[in-house]
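Read from first to last, the chains carry the letters A, B, C, D, E and F; within each, the first residue is number 1.
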């Protein structure tokens, strides 16, 4: 009886998209307005889903409060009101696209789940653009 | 050509989380505010999804009106404006967590689908917490 | 230069609608399912709006964090995961309709605003039903 | 490292549901109000999801701007503010149910993706009814 | 103690914008895609708000069920799944813009309210375009 | 017959809150995380509402397409994917709080409306925080 429990969270941050191995011109061509050297920003909406067996004593796959706190400690405290390129070390050498941010979040959360629990991360960069990552296949 | 048709529905109800095999103290520790003996309540938002083949005569997997009525008869009429712990018999001995409510709804709906149709139930307990159940695996 | 700042908040609670001066039969006729003696419940979504002058030093009408904390202390801590009829004293003798809950919230918040600031409370009882109260006229 | 990128889009259109091989009476019985010969209409909300590998140079599965433009060219320009039955040739002989529209959209978009990229189409006919198509299985 | 009670409702319909006193060319120039002679359509989302005094016996400004039924009888039954230009008589000589539809809805509902109750109609033509009408001033 | 027409728009941007007449310490105390010198950012959702008389020839208060284009030219092109503090001149000497941004947007749009048309600007800084400005009183 595997069930998925999902929790929505939120953080906002500044970023820019940039490939340091490319010329300024090529960066501008590929990333357009997202390459702005002065940064722009987003309200990132995050949906974290954990799939696992129900604990027969609690009726929970995972306590939603525990999941909420885990997201706060691992993601919100690290990313909220930050400049991702400058202040979040992993993005020093990794372009902070929605795809890469989702993978980083998955990697931050997965070690804290129990064995056998699956993890999915959905990240909205804008209300109309979002990405989904379910882990390495 | 398998397609999924989904229908959103709504009911509101009171409940409390409680394990009768535990002490009052342990219930309070594990379930926190959700253990309130006077109950609290939610607007449950429900998304029911049926996956199957398209009927070539209608172009429907299932008539959305039929699905709407099925949800009303099986779920809304049984749960809406009710106290789940007291008035819905299955929860006399089953903790009404979102996970368990989703499984109960799945079990109520599945017998009414055609052979070969798959069922998924998504249940929002709050706008930020929801669960998904796709049946026994 | 009067501007309005608004903050969304959330609480969930159980309640029932009942007029103690009426017969059980009349209560059932008037309030229908909402009169269920075992209670039902809602996710109440709350929008609190404060209108006032901008402080030229901060550029704020009011610090959104201060408003968030005020709502938490005065409303969420008092109402969240509670049975309104049993556990919130003001509703011992006041029917907890959305209209009356909105007025109670307005009365709880208004004394904490500065002179000259106007207050509006919007309360969603369900995603399709909500009420608005702007204070006595 | 397969990631899914999703983009929401919108078009509005008129349509009616009708099976030309059936009598008027049977069409009315099966399709009800949706069979209205004078047409009715919807705001269709569309979510297109592409799953593939991340390009290590860009950090993108696919440039969201490219996906947005592809949806505009293939779907919005063809369907928006149109009468689907009369003005979109594929529906001359295909009943424009949400299921069939989703399949048509999938067929329009898939040839423009790279080999190895998977496509999913979600189409909301109303805020409460939607369908999902992931391609032939 | 005036409070506003609001109810959301929904209908979908086909329409076209057209001024019969203008040439086809001018209609096309002014109304663009909305002038399509084969019609297009929308999911109209409607918010009806009634402001009045609270009845001290019920705690209601107006029973939300009564308001829901009034909207169904006066608006949904008349407009839902209809072609506004052809099947709703008032639009035979009135261009069915969102503005005009909102005024028509206001005129349909107002006579059914009690003296002293104010009415506001908000009509979403798309998720991004909406109009508000509060009655003649 | 005054009616209000509203249009939703979107831009995203980086900003920081800072008062140059204050010490770094006081800025940190008052603005907290919003004072981050490396900037953070938001998806700003904007609702622009214009109230006026209906043109009897068109049935419009204002063509929604004209309003959409006006918002794009005056607001989106100036603010989207920008660093408000560095790249939008008006915020060189004005703290870019939601309140001040709303006033700036109102001042940008108002000169383009007709005499007698009223303007309201609602600006969401996050899904839970927003401000409203209706012009000088």
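The criterion applied here is as follows: a contact is a pair of C-beta atoms (placed from the backbone, for glycine too) under 8 Å apart; a residue touches a chain by one contact, two chains touch by 3 or more.
What you see is a predicted model, and the numbers here were worked out from it, not measured in a lab.
Asks: Give me the chains shared as neighbours by subunit C and subunit D.
Replies: B, E
Asks: Among all other chains, pick the one whose mean CA position is farthest from the mean CA position of subunit A.
Replies: Greatest centre separation from subunit A goes to chain E.
Asks: Nearest whole angstrom, what separates the Cα centre of subunit B from the Cα centre of subunit E?
Replies: Chain centroid spacing, subunit B to subunit E, equals 34 Å.
Asks: Counting only Cα atoms for the centres, state how far subunit B is from subunit F in Å.
Replies: Chain centres of subunit B and subunit F, defined by C-alpha means, are spaced 41 Å apart.
Asks: So what's the Cα centroid distance for subunit B and subunit D, whole Å?
Replies: Taking the mean C-alpha position of each chain, the two centres sit 28 Å apart.
Asks: Could you say which residues in subunit A touch two or more other chains, in rising order?
Replies: Where subunit A meets two or more other chains at a single residue, that happens at 127.
Asks: Among the chains present, which pairs are found to touch?
Replies: All touching pairs, sorted by chain label, are A-B, A-D, A-F, B-C, B-D, C-E, C-F, D-E, E-F.
Asks: What does subunit C use to touch subunit B in their complex?
Replies: So the residues of subunit C touching subunit B come out as 10, 12-15, 33-34, 36, 38-43, 45, 80-83, 86-87, 126-127.
Asks: Which residues, counting only subunit A, touch subunit B once they are in their complex?
Replies: Contacts found on subunit A: 1-9, 49, 54, 57-61, 63-65.
Asks: For subunit B, which residues count as touching subunit A in their complex?
Replies: Answer in residue numbers: 17, 19, 21-22, 30-32, 94-100, 102-103, 127-133, 136-137.
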